[in-house]
Amino acid sequence: MTPHTALIVSLLLPIAFGPIIALCGSRPNLRDSLTVVAGLLTFGTVCTLIPAVQAGGVAELNVLEFVPGLALSFHVEPLGMIFALVASGLWIVTSLYGFGYMRGHHEIDQTRFFFFFAVAITAALGVAYARNLLTLFVFYEVLTFSTYPLVTHARTTDALRGGRVYLGILVSTSVSFLLLAVIWTYVATGTLDFTPGGILAGNVEGNSLYVLLALFAFGTGKAALMPFHRWLPAAMVAPTPVSALLHAVAVVKAGVFTVLKIIVYIFGIDLLAETGTSVWLMYVAGGTVVISSLIAMTKDNLKARLAYSTVSQLSYIVLGAALATDWGIIGGGMHIVMHAFGKITLFFCAGAINVALHKTEISDMVGIGKQMPFTMIAFFIGALSVIGVPPLGGSWSKWYLALGAVDAGQLVFVAVLMISSLLNIMYLIPIPIRAFFPGALPKPAAAGTAATDHGHTDHGHGDGIHEAPILMVGPLLFTAFGCIVLFFYAEPVFRLIAPIVGR
Amino acid sequence: METIDIASWVVLMLGAIFCVIGGIGLHRLPDFFSRLHGAGITDTLGAGLILFGLMLQAGLTLITVKLVFILAILWLTSPTSTHAIAKAARLAGLEPKLDTSDDASEGAS
Amino acid sequence: MILPGLINYWVVVFLMMSGFYVVMSTGNLVKKMVGLTLFQTSVFIFYITMGKVAGGTAPILAAPGTSYSNPLPHVLILTAIVVGIATTAVGMALIIRIKEAYGTIEDDEIQAAEQS
Amino acid sequence: MSDQPILRVIAKMFIPFLMLFALYVQFHGDFGPGGGFQAGVIFAAALVLYALIFGTEQAKRVAHPQALQLLVAFGVLLYAGTGVAGILMGGNFLDYGALDHHDPVHGQHLGILLVELGVGITVTTVMTSTFFIFSARKKP
Amino acid sequence: MELINQHLPILQIVVPLIAAPLCIILRRRQLVWVFAVVVTWACLAMAGGLMLQVLSQGPISYHLGGWEPPWGIEYRVDAVNAFILILVSLIGAVVLLYAPASIEAELPEARASLFYTAYLLCFTGLLGMTITGDAFNVFVFLEVSSLSTYALIAMGTDRRALAASFQYLIMGTIGATFFVIGIGLLYMMTGTLNMADMAIRLQPVLATRTVLAAFAFLTVGLSLKLALFPLHLWLPNAYAYAPSVVTSFIAATATKVSVYVFLRFFYGIFGREYAFDTLHLEYFLVPLGLLGVFVASTVAVFQSNLKRLLAYSSIAQVGYMVVGIGLVSVTGLTATLVHLFNHAVMKGALFLALGCIVMRLGTVELGELRGIGKRMPVTMAAFVFGGLSLIGVPLTVGFISKWYLVSAALERGWWPVAVLVLLGSLLAVAYIWKVVETAYFHEPEGKTADATEAPLTLLLPTWILIGATLYFGATATFTAGLARAGAEALMGGLAP
Amino acid sequence: MLEMTDLVDLALLLFLAVLAITIAKQRNLFVVVIVMGFYSLVSAALFTVLDAVDVAFTEAAVGAGISTVIMLATLLMVGTEEKTPSQPRILPLLAVVVTGAFLVFGTLDMPHYGDPQAPIHQHVAPRYIEVSGDEIGVPNIVTSVLASYRGYDTLGETVVIFTAGVAVLMLMGQALRFRQRDGDA
Amino acid sequence: MSRLFSLVIILFGTWLLWSGIYQPLTIGFGVGSCLFVAWLASRMGIGDAEGHPVHLIPKLILYIPWLVWAIVKANIDVARRILNPRLPISPRMVKVKGTQRDDLGRVIYANSITLTPGTVTVDLQGDELTVHALTAEAEADLLTGDMDGRVTRLQGTKG
Amino acid sequence: MFAATMAAVLVTMILALGRAVLGPTTYDRILGVNMAGTKTVLLIAVLGFLTGRPDFLDLALIYVFLNFIGTLAVLKFIEHGDLARNAGDGE
């Protein structure tokens, strides 16, 4: 398969399977196996692109001339490669997990669920392969709209409200800021192609550059930069597989990926480094890191806590991009991968707990380690990876980010990283600890609510192992394992990313 | 030629005078039904004389024929219209303002 | 003598505007239509006025050397008159239907009927 | 209203001449004021007068609504057909000169005659049927 | 064939024109429908043919009656109106496919053959307005289309259709009369009615007050017709209570053609220099357009009748077009022209989707549509796609329009305009999403409980237009290319 | 002699103004319609004075004839009294005054009434006057222009009338029902 | 049938008088038009004795001058009264019987009354005419029955 | 000569018009309008002679016809009794 074909096939596979999946709605087993097949095929195809990327050859493909002079065009470059790999790879895992979750939870309209799932993956791949800003924007929006039905899957009033916030913020920011910035860029430079070294230099100067950067940064609402982060916790009304894939992997990563790409290929890190345009963005990102970590600590709902954790982690990447140094970019890129594995593990665990024990509040989870040992071990590993403790993948990216901060001379952000790690420990580690060692730590204030929920709590204190279905536990163990592997085999990831900045 | 011009001039003027008199009548006469008579003057003799004067001007041509047609139709239709209006007014309940004085006193004058 | 050249136009403008005013101010649909007709008729007068040539006569060929008024506005207005009557007919048909449906042809009463 | 003798008698005398006048206007539009449209309106006025005096139902027996409808269409078709004939004869649409290659002026004349007739027919029938429709409506 | 090619411009109009009276003669409703369908599709083919001719040979001038232009009436087809012709005939042809099933459900009585006659007349009128190169001829065909529109609108089942139609009649006639006054003034100063000739002869007298008055009257008259805020009052009711077929057709075409005439007059006859450099019409158009966008969109958010909602959205969309005109650049005009097409396609599709709902439920009140997404998935999917396009989501035509409009605003350096345009489309999210939530986030109840999917005859045309929405949204080279060609022609002025 | 026609012209215009005011003030719709019919008649007379005999013909036939009849037929069904307007009508007046002022403003640069040098008498029309006799062979120039030079407009006009007929049929439907009954029988 | 024929003849005569253009085509149109109108008239049923009183024409020629003279007299009378500052009028209603055979005759009578200013026929019911007279003299004139007799005689002889 | 006649006709028209405008009853208005209508016929006839082109008398003819028809239509209208309610409409 030539890179071109691989590109097309990988893009078309999920979307082609979408309708087939939808048609097989009446036969769940066939449908689910098809989903897995689609995932595997897609991932395989994406993998075939790796050699081409590593060889430096960029596969380029113009599909449609969107408007005269601006085509929907695709190529593969290292950053996109990483993102595509993560998204398509984790799709398989998530699908498997999703079958377990959806069946275990007796969710309605599973067909529709998997259909939109497939569309979302296509959109994510589209974002990853985008050759120019327009293409990126197009798939960015498609991603927003195709995930909306997933977020509101439950169709409850809560889901509806969450969906409104989700859509409202994402669409508002993208339309009013991002699109404006895109068109501005086009009007100013006459091109939207992602070009190494950036295209803005010489075309946009002075204050406009600040405005443009702001438009891009805040316009990419999916990057969840404060104050436009509200959608992320709101979207946690979604079923857990959605939260896992889309809000740990596809959607949020599409956001930070966009920021990275824009900074690298549109602004060019040299331009930013010279002009210092992005310094303010570092502070915003740093602020987001710290503040959302603090908010996370106040959340008793597990998914909400994870959501704020995600907000915080995403800003690492934005920070890495804003640092505009080689190491910062590399750190950001790697963090996409590392955080994806770590956070998806955590979400999987949250879902598994929900399915097995019907628990969503952290204060109810005291002592569940007995019932769900595998799950909670995986949770522990994932948490450590997110915190950035060796020997887990997360440590690498944090390391490089810190290097980047030093490089940029912004030592304050090294401190931010440290503080954030501490905060991560404070809000993540207590969960597995108390799961395994009930009473080991003082109960947080929120635990008081458990008393009112007595009947429920009882249910959790049954004897013996009460794990979630194998289809759920399997994937989460796999991703947890992935976190470990990524520490030892971070080299390939690094080698994939490094060429962006010419290393 | 001269005489015809003069004649037509006289006729036209007479017609004009009758027209205006009818118009004045339309305002002087006290109620709707008596005003019908004022209108009658302009429609019959006023219009007739003027058209006749024009005929004299035109001489024996098709124009005269047309004027004759106009006059004929006018004289056919105008009483009909007048009648129609009067009848409608009466149907609608409009009563003429009749002379209340003794019939004899009027006859004596 | 040519009378001060614009007085005619001003009167015509007055006519047009009185028609326009009737349309705008009345709530009675029939009167609105009448106002519209008034407006349109006045516009016709406007066109015809501008087609007049001092000393000209009707544009029907007569003895050579005769000066004629401009026939083009006449043609246009013939068309416009037809359009006017067509509009009137359709408008009147609508009014009758409205009367049948609402029992009134006053704008505000129709609106009141809708609100209740 | 036919029980009103004055109106009835006068109208009866009147209507044939009105119709004749309409046709006169129709066919003399070339020479003097008038033409298809005016003729149509006058002809319609004659029919309206008849309907006023003798009642719409009676008038409908004379001018059958269905026939009127067909004639409405026919008038337009006559006009447009004359135009199309221009195309078929090698000219542009409505190019009457093409109707008679030897004598374009005659062609023009012929064309004008036909289109005026088309206008006249359409106008008459539309106006008449409009009046019929209006007057047949029962008072709500 | 040669004959047809040569006479294509006039056949474009005359074929439906002759077909209309033939419909009366044919009488039988199915027969009439088949006939009308054949005619409209033939018109579409002819419009395509004209476009090809224009692209290969440049503007076509057709002399009606064989008289040279200033003396006779001229048909002038260039890139701009060939584009509009395609648009109108496309919508007309597709919507007509939809008509039989829909009007049987909605028309109070069997007036089908007359309905098709009026439809064809409206179609003819719109095409005629577009193709002509003669100022007064525009008025004549404007009235043909308007009169038939009044009748068509009044065919709605709700009695409000009558009141709405009458209101439209009054406003439309006032608009047309203003237009006639404007033309009269122009004629007075130039002595000609041919647009191209007028453009030339107007140049020396541009500075006069009379031309200014003509300009003002044309502006107001046309603004009434194209429902520019705040002269839009006739539109919501007219669209809301007309039969769905009619709404789809009119909403998709009538205001578009008016916009075209607007362009023709201001760019073609008065010329860009006069309209914009001297009189600064843009300072009037752009604020009004934006105001229209915001006010109408906000009102739309609070509508409970979906047709009214979309009607207000149409007013807002007209606002965008007007903004595009006011930006006075090739890109701005491209935005307007491309939006003409795009909006026609998507709004047509949306109203057709509503027609499907009306057919099954007899209502488009939002409160009665709970859970409709479950019962009529295909219809609602069409609605959602159309709605996404209205919002301006990428891969739909709405995005293309927005792209050009914002580009034009930024090119001119009017970034607040760009921002406002984008913010305006967020309001579209609000009103579209209201519908989506009702349709998908409630269990079917009441009328919707036992609704079924609309028949294929309705779905097919709806999806043809949705397909166009998506196709031209994904690859706008065709539409945008034509629009750009048209925009360049307009910027260059009409004078040969 | 010319002075007289101008005088007549002005007198008729003043009549029209008086009639227009009457129409505006009158509440009885019946009277309004009659006066409107008369307005048409007077304007037709004015057209004659202004040499537009064809137009006068048409306006008389339409305005005073058919149009009045149709309006009366409508009044039969809808009643004759206009309700007193409840609210003051400031806005319309304002709009009208502004529009009118603008028109008057526009007249200021117009060629004067009757001016033979006005552009409209210089450009297109002269050709009609000069050669239509030879080209068309019809003495009435208006007919030549109407039916031949601008014959297409007249086709449009016919279609407008046709449209009106169709519209009325659609709206009132009487004749159609009649036809169907007939057809079924 | 003969009446229809006479109608055509009269119509055609009228046409010729109106037309003034005597080319074959125009005259041909004239013939066609007259036939068409006659056809329609017969369809309408208005070509009968009442609507097409061709038989009265000879006598009318005698009657009309008398009528015109009556009109002139009445006109002058009424005009004098209008111009008289005292306005010497005394309006009154009067009913008279028409002695004519049929409606046609009564209509001629009624219209003649209306044509002479000073008297207006307000109503015609059966053979009874209600007349509004402006003055006593006009009433008196009317009551002499002079006009009534003349109109009756207009029809009378034909039996 | 024609001018003087014309002037007289105009004056008569003004008087008739005055009646039409002033009323007081609807019938006075109709009468005024009807009379002014016949005066229009005269006006046009005279005008033809005044301008030296008297061959437009067809116009005058049509005015007579239409005046008549108009009046009949009015009568028909009144006969339906609709007007009975508001016969004397005062101002």
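Labels A, B, C, D, E, F, G and H are assigned to the chains in the order they are written; within every chain, residues are numbered from 1.
Everything that follows uses one rule, which is that a contact is a pair of C-beta atoms (placed from the backbone, for glycine too) under 8 Å apart; a residue touches a chain by one contact, two chains touch by 3 or more.
The structure presented is a predicted model; accordingly, all values stated were derived computationally and were not measured.
Visitor: For the chain pairs B-H and D-G, which is connected through the larger number of C-beta pairs in contact?
Guide: By number of C-beta pairs in contact, B-H is the larger.
Visitor: In terms of CA centroid distance, which chain is the most far removed from subunit D?
Guide: A
Visitor: Nearest whole angstrom, what separates the Cα centre of subunit A from the Cα centre of subunit F?
Guide: 72
Visitor: In whole angstrom, how far does the Cα centroid of subunit E sit from the Cα centroid of subunit F?
Guide: That pair's centroid distance is 30 Å.
Visitor: Averaged over CA atoms, how far is the centre of subunit C from the centre of subunit F? Could you give it in whole Å?
Guide: Each chain reduced to its C-alpha mean, subunit C and subunit F end up 5 Å apart.
Visitor: Distance from the CA centroid of subunit A to that of subunit H, rounded to the nearest Å?
Guide: Here the centre of subunit H sits 88 Å away from the centre of subunit A.
Visitor: Could you say which residues in subunit H touch two or more other chains, in rising order?
Guide: Within subunit H, residues 2, 13-14, 30, 51, 55-56, 58-59, 61-62, 65-69, 72-76, 79-80, 83 contact more than one other chain.
Visitor: Hunt down the residues of subunit B that sit against at least two other chains at once, touch-wise.
Guide: Within subunit B, residues 22, 24, 36, 66, 69, 73, 76-78, 80, 82-84, 87 contact more than one other chain.
Visitor: Residues of subunit C touching 2+ other chains?
Guide: Each of 16, 20, 29, 50, 57-58, 60, 62, 72-73, 76, 78-79, 82-83, 86-87, 89-90, 92-97, 99 in subunit C touches at least two other chains.
Visitor: List the residues on subunit H that touch subunit C in their complex, please.
Guide: For this pair, the touching residues of subunit H are 51-53, 56.
Visitor: So in the complex, the part of subunit E that touches subunit D is made up of which residues?
Guide: Within the complex, subunit E contacts subunit D at residues 3, 7, 10, 14, 17-18, 20-22, 24-25, 62-66.
Visitor: Touching subunit C in the complex: which residues of subunit E?
Guide: 136, 139-140, 143, 147, 150-151, 154, 159-160, 162-163, 165-166, 169-170, 173-174, 176-177, 180-181, 184, 187-188, 193
Visitor: Of all residues in subunit D, which touch subunit G in the complex?
Guide: Subunit D residues touching subunit G: 4-6, 8-13, 15-17, 19-21, 23-24, 27-28, 31, 50, 54, 62.
Visitor: Under the definition above, what is the set of subunit H residues touching subunit F in their complex?
Guide: 2-3, 6, 10, 13-14, 17, 20-21, 26, 29-30, 33, 36-37, 40, 43-44, 47, 50-51, 56, 58-59, 62-63, 66-67, 69-70, 73-74, 76-77, 80, 82-83, 86, 89
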